[in-house]
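Per-chain numbering from 1; labels A, B, C and D assigned in written order.
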Amino acid sequence: MCRWLAYSGTPIRLDELLYQPRFSLIDQSMHSRYGVETTNGDGVGVGWYPADSPAEPALFRGVGPAWNDANLREIARSTTSPLFLAHIRASTGTAVQQTNCHPFRHESWLWVHNGSIREFAKLRRDLLLAVDPALFPTIEGSTDSEVMFHLALTFGLRDRPVAAVERMAGLIEAVARTHGVPAPLQMTIGTTDGDRVWGFRYSSEGHSRSLYYSTETAALQRLYPDNPQLHRLSEETRLVVSEPLGELPGAWQPVPESSYGVIQKGADELGHFEPAAP
Amino acid sequence: MCRWLAYSGTPIRLDELLYQPRFSLIDQSMHSRYGVETTNGDGVGVGWYPADSPAEPALFRGVGPAWNDANLREIARSTTSPLFLAHIRASTGTAVQQTNCHPFRHESWLWVHNGSIREFAKLRRDLLLAVDPALFPTIEGSTDSEVMFHLALTFGLRDRPVAAVERMAGLIEAVARTHGVPAPLQMTIGTTDGDRVWGFRYSSEGHSRSLYYSTETAALQRLYPDNPQLHRLSEETRLVVSEPLGELPGAWQPVPESSYGVIQKGADELGHFEPAAP
Amino acid sequence: MCRWLAYSGTPIRLDELLYQPRFSLIDQSMHSRYGVETTNGDGVGVGWYPADSPAEPALFRGVGPAWNDANLREIARSTTSPLFLAHIRASTGTAVQQTNCHPFRHESWLWVHNGSIREFAKLRRDLLLAVDPALFPTIEGSTDSEVMFHLALTFGLRDRPVAAVERMAGLIEAVARTHGVPAPLQMTIGTTDGDRVWGFRYSSEGHSRSLYYSTETAALQRLYPDNPQLHRLSEETRLVVSEPLGELPGAWQPVPESSYGVIQKGADELGHFEPAAP
Amino acid sequence: MCRWLAYSGTPIRLDELLYQPRFSLIDQSMHSRYGVETTNGDGVGVGWYPADSPAEPALFRGVGPAWNDANLREIARSTTSPLFLAHIRASTGTAVQQTNCHPFRHESWLWVHNGSIREFAKLRRDLLLAVDPALFPTIEGSTDSEVMFHLALTFGLRDRPVAAVERMAGLIEAVARTHGVPAPLQMTIGTTDGDRVWGFRYSSEGHSRSLYYSTETAALQRLYPDNPQLHRLSEETRLVVSEPLGELPGAWQPVPESSYGVIQKGADELGHFEPAAP
């Protein structure tokens, strides 16, 4: 029950989104408005692609509440990036430790998750067994989110991301069924290879946590002709967020239930998400 | 803008008050009901007098949110004490670090504070200068609360506690006046020497944060003849809390504005609190 | 490559062994004399059985260097116990986090380990698969030590401890063989159920890390008739340590290679340790 | 009793000096060769001037041992800077907390210190009183090093750095004299305004901790014509270090006793350091 955001577009300083807007992500760490849990004080993380070496994302992950993290504030203030993911955590039971903080990273990929696998302790062993043994050693923490990432990698995230996440979801639902766990999956997921960004919204019960994407920059600029911040942004600039930042009417579109979106050069994409039985 | 409690009486396990009641102190760390800030996630501390060596309080202080502190949970579960103070912190600006966590300790004394000195950064130097130079080296952190404790020690806390706290308050108001800071003091304070417990409620503006003490045990036992937990407690058992624990109607009495109370063997004491100009 | 100690006997304050002797365990955290690594700064833990409720050990685990841990110092100063295990960690690669700190606990059992499984990342999945699925959910961290504990539990630690640890060692060596990993196991282990204490010293290559047990109290008292600390101790009092504490000639006996010892009421026991192939 | 380094010249990735050389600074955190203390595990910090906004140094400060800090590793790997200071801490008694980690920052200035003020607890109050009241509120921690920085700022560091540090040293020695503390000051100091770097080596007893500066790049390039790393560096590139990094004979020159050096555009400067009585 976390909050996250993904940014892609004109390089900006991280703190422009993490700290400056009213209802910024760091503000949400203490006072979330849309979440099941209003406090997300169990860790924070940000992964960014440096403007000059996009293939290698860097990670900062802290175990304390985001609102207190002096190092995060410094990094956000001094780092400019065209593509980054940030996450604030409200633990659903697993330990508060750096290896459980999002984003998770594998080579050039980053992954953030909001939600949970119901009765994960009961399902964890079977899910871990389904992870490619070659990927198994890179699991460092104990969260459901990291296992989900490794399942998606196992199922081909790097080649066919949407299909891989659909197989991941299908496997979780199948394993849950064998253990008698109903409606096991609740998720919004953000993932990126440093080029495109995928956002997913799904839950087994069809009642998923919120997810929004930003209106096209050109439309926003027409709507707010006098906002200088908006006019700095390229046409391609786009955000995906667990809950709206700031208070700009018209700026945010909900991602529909059981859907995914792709932010990419050229036209973005929005499609139906359907777990694939294993 | 913190929450605290002081317990004195029949030895109990710490977790009976810190974790078990609905609206327990640890529960308040995430969801305070009466505080200005509803989240108190900037550190936690407990100081207790072991049943067998009452003169030497032990301290546990953690910098993360109380709700996540595995060590606190273990200590609370395995420690029994007849007298302890606990505190959850919401920083009003100073760093989140162990030396800023309450309780503060000096020899056999413990001290917790909820509130703040307005524009403390501006007043801090003058207040530090008023601390007895012999006590100065034991100031380890950067909070207003610890300076208040050292001022009270300077003014004779160990001999005449109420007068010493009144002089401390008077000094703070006088120093604030010279700096043009209005209504500088907002406080509830709990302090103990291992034998008696003093609670103070005061603010320069006459609108102080909440403070409650528990109804006399005998009266509570008459009110709830079937509650076995209450019937274990001695007549002398008493609690002082920032906000009520649990939901027992009749169990809590507000400390009046500008007042202090003393919990001690024999009759407790309640008196008027008046800052003493220096 | 850690250091640990186990104490059983006359109840003492923890700090008498953790802090006070020259070459105490906390001193070893910065300057170990016998270890492969001289610095053990990657976490610390102590598990103790309260004198009044021996069935429920309490745990304190910190992620910073032991020499800096203010909370550990307080707990050691204020806690008296007839049976405790303490451990300082030098990570062999896994994350520095509370869930990786020893002792590990399962119901009334505690477990500490010094050593490592060679190429653990490669063997980890197969070893985890051998853990009883009912025990699997209680694995919280990522160390080899915790997996070893769960394997021993799987193989009957609670009923036949020596045989269970021998099967654990045999399994690790067998799994290593299938992966082409030579001489995989290096270990000294301390474990207790709150009544007896077992110490194990073994390595696949027959060149194990050091382990010592203390000379019988009666003999020590004859050797040092004027030492008041020794004369407080019961006949049954005994220590097992990675390296000697203090500098008392005659006080420490090395545990032989490939051996185990049992500290218990009545005569202690020393036997040959032999991994049992699965 | 810490270790530090200052780098100025061709922009490089921080990890080229912090992690990669044998005997790098992070390596020194566990195994210093020249220090009084061989373990510097009580915190780490780095302050760097971004290549594109040199007036605003960014800070990262961690309280755990440098060798374990995953965030530092990420930042060092992803940050390029023409000017940075780094520091690993071995506490001489004050708390291990972020506000006690070096570098300290004031506006565009950074400051690192290795050494100590003898009996600082006794002298602290008088030294704090000598700090400009306007600067007093920016003291956040409890170290002697931060007080020294604020004294130097008080005495004009921003205008005449060498004279200001000489007055700071003179004041400390004078205050110590009035308290009967002999030979109070032991220091190497690195400080920078983002343009020039000053290094100081001094102790009251004339037996100061080690400090080295790197040989001129041109001379090093002649000495090692085949070393490609050296040939990337500009003529102006220079390092100041507590103890040599790497093992390049001829690369390091000791700073003489009671001396200071200035690294700047054009010819560097080396001069005699003499405390100035207040």
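We adopt the following convention: a residue touches a chain if its C-beta (ideal position, glycine included) is under 8 Å from a C-beta of that chain, and two chains touch if they have at least 3 such contacts.
Because the structure is a prediction, the values reported are computed rather than measured.
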Self-check item: Contact-graph distance - origin chain A, target chain D
Solution: 1
Practice problem: Work out which chains are contact partners of both chain B and chain D. | Solution: A, C
Quiz item: Over half of the interface residue numbers used by both chain B and chain C, so same, or under half, so different?
Solution: same
Practice problem: Could you please state the distance in Å, as a whole number, between where the Cα atoms of chain A are centred and where those of chain B are centred? | Solution: 41
Quiz prompt | Where chain B touches two or more other chains, by residue | solution = 70, 95, 98
Quiz item: What graph shape do the protein chains here make by touch: line, ring, star, complete or other?
Solution: complete
Quiz prompt | chain D to chain B touching residues, read off their complex | solution = 95, 97-99, 121-122, 124-125, 128-129, 133, 136-137, 140-142
Self-check item: chain C - residues contacting chain D, complex
Solution: 30-31, 39, 41-42, 63-65, 67-68, 70, 91, 95-96
Quiz item: Which positions of chain B touch chain C when the two form their complex?
Solution: 50, 53, 56, 58-62, 70-71, 74-75, 77-78, 98
